[in-house]
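Shared between the two complexes below is chain A, which pairs with chain B and chain C, respectively.
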Partner chain A sequence: MAPERALVVRGSGPGGARLAVFLLLAAAGLWAALVLDLDPRRLWPGREGWQLGAEFFGRALRPALAREGADLPPDLPPLWWQATRAAWRTVSFAAAAMLPALAGGLLLGFGGATAWWAGGRRSWLGPAVTAACRLASVGLRSVHELLWAVLLLAVFGVTPLAAVVALALPYAGTLGKIFAELIDEAPRGPAGALRDAGALPVQVFLFGLLPRALPDMTAYSLYRFECALRSAAVLGFFGFPTLGYYISASFENLYYGEVWFYLYVLLALVAGVDWWSGAIRRRLGR
Partner chain B sequence: MTGRFALADVTVRYGSQTALRAVTLTIRAAERIALVGPSGAGKTTLLRLLNGSARATAGRVSADGRDLAGLARADLRRLRAAIGVVHQDLRLVDNLRVSQNVLAGGFGRQGFWGSVRAMVRPRRQDLARAHAILERVGIGEALFQRVDRLSGGQQQRVAIARALYQEPHVLLADEPVASVDPARARDTVALLTDVCRERELTLVMSLHNLDLAREFFPRLVGLREGAVIFDGPPAALGGESYRDLYRLPPLARSLDGT
Partner chain C sequence: MTAREATIRRLRAERPRSRFLRASGWAVVGLVAVSWALGGFLAEPAWSAGRAANLRRLLHEVVPYPLQGADWSWSVAATWLGGIWRDYLGEATFSTLATSVAAILLAGSLGAFLVPWAARGFACPEPFLTDPVAPRWPVRLAWGAVVVVARALLTLLRSIPEYVWAFLLIALYGPTAWPLVLALALHNAGILGKLTADLVEHLEQPTLAALRGLGARRRQIVFAGIFPLSVNRFLLYLFYRWETCVREATVLGMLGLASLGFWIQDARARNHYDEMVLVMAAGGLLVTAGDLVSALARELVRRT
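Presenting the complex of A and B:
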């Protein structure tokens, strides 16, 4: 294996192709910048822009610890409580969305892999199922979760169900694609050995192929959970009571201190999930 | 199954390549045979014919008198369950435990739920049997270790144990010692031949190493370019057939200046 790979790296053919692709991408980028009339000088803001920027980023080191604004109704909950509740709701939206997304992703991933039928008896069924699952994965994830949210808001209104379904659909597609790839990348040798020992296709798949793909599938699912947290927060802009809702409300009121407080809560949330998934991955021995 | 095989005038072609040509061979129960010859001679194809992994393009392959070509799926499964295979590259699930890899050898006789149970919560008597086999191959203490924590030599023994856990009547070994140092190669061949003698299993092993084949096998089958050019006891393999077996192709000969 190693000498072949070394050849690929050193060979002039693939290297030339890589250079061509790189140049093509660079040319496409320049062309797009011209078409869009992008002028880097315009990144330099005007006087008002500077003022707003200074005001907003100036609060980064001084986030509000209590509500800003005067004449607040006395029954408003304190800021930390509001943020905690919003963070909790963000986590629940993400978690509720990951459950159906994982179920769908596993189905699409198993079906979309070629490893469960390659090497067995030839039939049209395996390739057909794989093609159907891959098509479904592409369809689901070609629509971004925010677009799904717009569609589903029209159907369900601003309900938790709409948010959860909007997240779950594209995530099922993405998980399905990655799961299929991870399963197909797992070494096929053990599967062949079990087939030689007379194992059924389902036994070959579950115990010959899947164990090698499972640690990576778990790690990727945890990463997607982190993405779901951020997406759930952003869904707040549509009126769902997650962190994004309060961030946009405080921003519109020019309460930049509150915005930073919510942003730091989101940061802590994402960092927490990152740490947690790292701990799980270490335990899986990866 | 008793472990008898017969190949009658078998030819195997892959596209334009002929892997085996007109091979006729009889293998008796509990016989131990080494397939020798240069790489590309068709040894692996011959082994794959015996458990139904490869199909004869022409001719007839039979096990216990039954033609393998007409075998229904369930019968093929039964045949494979009775044939243990040890591969050169081991083919273990290396992030599972030794016990799980060995118990996977029982899948051929298990339904789906039986195999789930064997992987998740194995029965005590199954574990005991796996342990006894591991003891026999010399690594009983590794029962609950993860395979990727073991040395290459230990992993090879796990692969052998998995094949033996099938309680096979036949053991096929495809170059089991091709990527192994000489001392370990000798140990492995000795272990496989001993185990097969004890349990009266038919053993067919492909081997690069002619010295090991001569030392451990009562019968050698020499292949060259897909044809059987020698079949007999090691003593009958004189200088002439030896040269035939490993005769270099014309290009290599001219490069060597012979």
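Presenting the complex of A and C:
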């Protein structure tokens, strides 16, 4: 055992600050457990919870392939058709929302970057635009898409447009924030050369900055599409006809087999997009 | 055609191209176009008299109740805010923060525990050795199965959204803080586990292969090789995911458990839109503060 311990000590390296981070994390965890009254013994659900858990998770390997329940109205569409339609709505909400989100994200990302003005003529305009765009990104992003949905429901009602706008607003903020960081991290040589040759900020952005940052931005946008898919599914809990709507409805009717069928459809969607974006990232060298 | 034009053409013809990337690009364009064409997002005009009236009503009701129809007064607004803060807002803000902290620590532990089973270079007969003595096929098959199962588990954990996990777990646990903490922890364990497993697969192989070559056991490789080489990146991921945990923790309460989301839903049910927007703003401030703390912490980790 002795050599092993020696290895560990030498391996952990110059870790004073790291040790501090770990101690802080432990202290934060302790604080959180006290505030929330987290009792490890309660991690084991009670007898009723256990019964329900066994019943529910027992159906994981036996998802329903047709509707459950007796005395169904005869004109109800079959389960697979309902799931396909819900899956399509989930995908189409996410895909439709990505268009305005990307447009907004590109604007905020370009404006929020410093690369298009840093090093050029001194002017108050560049820093002011950057600050305004970053503030807008933070503001849009800090409100969760479900909360945007609640606000938009009050104005638009349960319409597909409300769902798309609710997704697009915070996603534009997030994309704007990350795009700005990626643009600023990209090599600035070409941009500087273009600016010195008298190019406009728009030209500097399009031909000097964007091409170098584009692979990373594409990879990140694909990841956000995957997130949008999950968010669109969750919007169903607020009455929009995506997968979440049917998950909650079936669960409340105690049709656990149906719940698992919908969960597996969601799983297949997310895992499929995950695989696809992974394949694209590998080919982009990211 | 000048020589320069010819060179430009040659370079253009030689640029790297991938049929898969091109097809993917068109697939994305097609998907977005079909979604907008068939989604019915603009089936009715986006703006109408009814919606304008809804917006006017909302904007009226968002004003703090004691100030509706009265002149603006800072002292009245402050009294209103202080009352709500003491009533529930302060406690809910702290319990939301605590939920996110407990969740990310649990997620980090669970994710880190799954990493050795999911990292292909490590979960194999001879970790990190590029040219090992060929092991027998049952051994290789068994390790292959371990990786497939661990990766599938991570995919399952992260594919189910936090909100859905919470919805399912609340039924199991009843009204304690565990379902919210666990929901966030399970989803993020899937993400952290996957990111860290990918990270371990791309660590400097020679260092780790040398450890194995010297006869280090698996546990020794984990603590003396993998941990010091990957802990900084792992902490960066942890703080990044903590930001999203704060964001999600604010809404998970909408399922009916004490956090900011609970009071948002409560105020909405009582039609008190002024309180609802106030709680949302408190959540927004908490998320922004979390982003700042996380950025500072990541900077600290980068320096070590």
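Heads up, the rule we're going with is that the second predicted complex is superposed on the first by the 251 of 286 C-alpha atoms of A that agree within 3 Å, B and C clash if a C-alpha of one lies under 4 Å from a C-alpha of the other, contacts with A are read in each partner's own complex, and residues count from 1 in each chain.
Here, a contact is a pair of C-beta atoms (placed from the backbone, for glycine too) under 8 Å apart; a residue touches a chain by one contact, two chains touch by 3 or more.
Please read all numbers here as calculations on a predicted model, not as lab measurements.
When the shared chain is aligned, chain C comes close enough to touch A:A279, but chain B does not.
Contacts of A:S231 after superposition: chain C is touched, whereas chain B is not reached. Applying the stated contact rule after C-alpha superposition, one finds that A:L161 touches chain C and leaves chain B untouched.
When the shared chain is aligned, chain B comes close enough to touch A:L194, but chain C does not.
In the superposed model, A:G208 lies in contact with chain B only, and not with chain C.
Legend: residue contacts after superposition of the two complexes on their common chain; A:V91 is shown touching chain C, with no touch to chain B. After overlaying the two complexes on the shared chain, residue contacts for A:H144 are found with chain C alone; chain B is out of touch.
The wider contact with chain A, measured as residues touched, comes from C rather than the other of chain B and chain C. Taken together, the chain A residues at the contact with chain B in this complex read 121, 189-190, 192-200, 202-203, 206-208, 211-212, 215, 285. Chain B contributes residues 51, 53, 73, 76-85, 87, 89-96, 100, 104-105, 107-112, 115-116, 119, 146, 159, 162-163, 166 to its touches with chain A in the complex.
Within the complex formed with chain A, the chain C residues making contact are 18, 20-21, 24, 31-32, 34-36, 38-44, 46, 51, 54-55, 58, 94-95, 97-99, 101-102, 105, 155-156, 158-161, 163-164, 167-168, 171-174, 176-178, 181, 216-217, 219-220, 223-225, 227-228, 231-232, 235, 247-248, 250-251, 254, 264, 268, 273, 276-277, 280, 283-285, 287-288, 291, 297, 300-301, 303-304. Those residues of chain A whose C-beta lies close enough to touch chain C in the complex are 4, 7-8, 10-18, 21, 25, 28-29, 31-33, 35-39, 42-43, 45-46, 49, 52-53, 56, 89, 91-93, 95-96, 98-99, 138-139, 141-144, 146-147, 150-151, 154-156, 159-161, 164, 230-231, 233-234, 237, 244, 247-248, 251, 263, 266-267, 270-271, 274, 276, 279-280, 283-284.
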